[in-house]
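Order of writing sets the labels: A, B, C and D. Residues in every chain begin at 1.
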């Protein structure tokens, strides 16, 4: 059941400049599916809306959720100053997540770009646990390759950097091509230009692609209609050609959305 | 010079239910005169205005200011949660303070009521240091007699409690009468009904009385004209019959104000 | 202790409602707040046909509040009657349907369709700042407001609440116009018109440029307008704008609101409505208020 | 890097000014902020004779802002000319005198007295919500605003800024009325009208019941109105309302303001004006903006 909860902070560390890893003690960890997200509420009275952040990892035995986020704007900067032993309000678990059943017996390519990399880690672990073959291709700006070791510990990992300081110089698609990585299905998260490129790439190769979208959110639970994406067909809930990213998404079949 | 400063918190303790004592490390301690006040800024973005709080004590050698305040509303409650080692923004030193020169050779009665008691402590210490005779009469609601020991350590102290649980049952004026305390000049701080009673009492007895007034403040420095009190004569600054409590006050000669 | 209030002959178990557009059709927040405890659920605005709404970004945070330019996306009244109303009917709460339209005919068409349902009240949104034609235009001119109210009223078999825009010189004039047009009740405030600019991109944050401004930041304006409106008319007033807790709700009631709506605060804490109900009851016990109606408009100098 | 801007022929070294009534006559904040660095100091409103203002409480905090009902207390123009102007003349900054009045004659009398001084500009407050007669009445009707502007303009030997009230249905109409009346510049927003009720005492917090609402909370409304006003007229616009830092100031400039004023933020941090000036310069360096005038109204879709 979705709920607002005051969660204990277990750990908060900076992985790379401005990129933070936060571990929270919460029963929500037991329900989390890769691709889902939580809303983290800043505490300052000037900032009322939750910040949507994807689940990077979940330990259901210990009840620990991990998120990795960029402290870019005012709210995430505030959140990055919280220390272990403090608590923070979260809303969760939100969204649909990647469909693990649809990929049984297939090989999944996990494509993560920039701050879209973190959710791929939990995806990778879940696929492995379900005995599904996968490989990760991660695209970074430069050699600040946060979470790289975490991926390498669990699956075949390929790297692209925009500045060429490591792996393939360029995007995740460049790495796919250069490093000859192939598979049947794509799970992807990253900036919009990357997702658009993946949509075309998948269409070209005849692959199925599931992509995670972002939009500014107010409620996170489908009530405000703030966070829609355009869709190719009329959505079953809204009855118009758009879907709520916070409920019907954030993960969509690439061919279903008009991005 | 007046300034806004980020001061280190040295100590924060609850003296009685909802009554807090806060010690701050600040050079302002060197300039503080009894009767003056500082503005303490809450940190939450929903609360922008400083809370005016009188100086209860100042250690100019160590550079430590002490204030004692009631955590009544949202801002003071927020402030009371700050811990030693945190910092807090303050504005100071504000206001005029009691005139020590005007009372040379006279006996001063320090009358404090409720949360008007704290500033009398610093007044008492300063009078003693200047070799001026004084006695304190403190009016509490009940037996939660915060700061009583501090007063007893420095001067002749008389107590009134509204519920009669200690000392004279009633107000500071009842205690003055019942305990036969007398003097030449009054320094007073407390709720408006008490100050009005003191104004009449002093007029009756032909005593000089200096009273400290309160009003809602925005700037604390004389710019907004929010904090005025009505005066008997035209004020030299405003050119109308009111004075700014934050600059011309908070201490006024009782006969000069129309309260 | 009586917390029941009466709006145009409809009794609410307590004065706490949800603000249109911030609570979906109730379904989305039913997991967080027991709808049976609410005085009423006010639904997202619904029109005669589905509306796709505005392009994104549609929402953004501002200091102590938010801007929205949803553009009244809705699935249309037919889907609403098939799907959302049956869901709401399961609960022991009043159902108020917020109605939007571009033209008087669109409003009356929707109202006429809903006349056959067990909806308790209509709230007519004559004040949405986010749609190009209609809506706000109806809500900023007293004469147009009065005529539109009259037309909708004559099409309606249920009591009608007219929702007013705060983006006017005189809210009292607008309140009087609604009353003159036959409104059974008025509600306010809808959102103020606001704008946010991204200084780094030098672009408007919202695709629609402007958005409706709501949340705690707008409360002082809302309380003042509710006070002015309540003093201008005899019909009941529903107050809203920045209500986040029971203290806020009581401020509106003392200013003259018979009922109140919780909007943006649901996004900050989905349990707000329930906390407001409990807080009002605590206040009544603390001050020995036997009937909440004693508090309506009870502020004095 | 050029930060100079021009208002009706008067050059300001930078676009950062103080908002009337929040900075005294400059004297009170001279200890905190070097007045020589400011584009201009705008003084507290001054009238032909001393005004005693409203009873207290006159100010109160609200969520993300404050309400004030000072009631334009001021020592009168004669004292102002003797005491405050000589003080301000010592600084290398522009002096803008904010003028208030109950009648057109009171405004013109004050302006005529000031004509002989070295004041740079007048800002005419036709929008104060806190005085019973006059002021706001002038500012809520376009025809009255236009005529009043014309009368003051003909009495004035200095350029005239007309300060607009945000408590109107169409700010564009008011801006156009000021321009039609001959205003050299408009400034906005003055305060929104707000109310706060003490639920425990069931009384208004302010003696005046309502007060002018200012501070960060009002910014989205202010930015929107500055954008609308700047698109309605050709004369320059001075923007204000909730500016607390350089980012806020730049939002107003991008929306169309040639200069901006810092008001309530001075109470939160007396050093705000200087931080805003420095922050604007940093922004200009970061984005290689050679002339601040390039940023005026530079927001795009």
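Observations, loosely collected:
To be clear about the criterion, a contact is a pair of C-beta atoms (placed from the backbone, for glycine too) under 8 Å apart; a residue touches a chain by one contact, two chains touch by 3 or more.
Note that the structure is predicted; figures quoted are calculated from it, not measured.
Taking the mean of C-alpha positions as each chain's centre, the chain lying farthest from the centre of chain D is A.
Separation between the centroids of chain A and chain B, computed from CA atoms only, is 56 Å. Chain B and chain C have Cα centroids separated by 47 Å. Centre-to-centre separation between chain C and chain D, using Cα means, comes to 34 Å. Multi-chain contact residues of chain C (touching two or more other chains): 63-65, 216. Shared interface positions of chain A, defined as residues touching 2 or more other chains, are 45-47.
Taken as a graph of touching chains, this assembly is fully connected, with contact between every pair of chains. By the touch criterion given at the top, residues 45-46 of chain B touch chain C in their complex.
Looking at the complex, you find that chain A touches chain C at residues 1-4, 41, 45-50, 75, 91, 215-229, 237-242, 247. Listed in rising order, the residues of chain C touching chain A in the complex are 21-24, 28-29, 31-32, 44, 50-53, 56-61, 63-66, 68, 70, 73, 75-76, 79, 215-216, 264, 266-271.
If you check the complex, the residues on chain C that touch chain D are 62-65, 67, 140, 167-170, 192-197, 199, 202-204, 209-210, 213, 216-221, 223-224, 227, 242, 247, 250-251, 254-255, 283, 298-301. The touching residues of chain D, when paired with chain A in their complex, are 63-64, 216.
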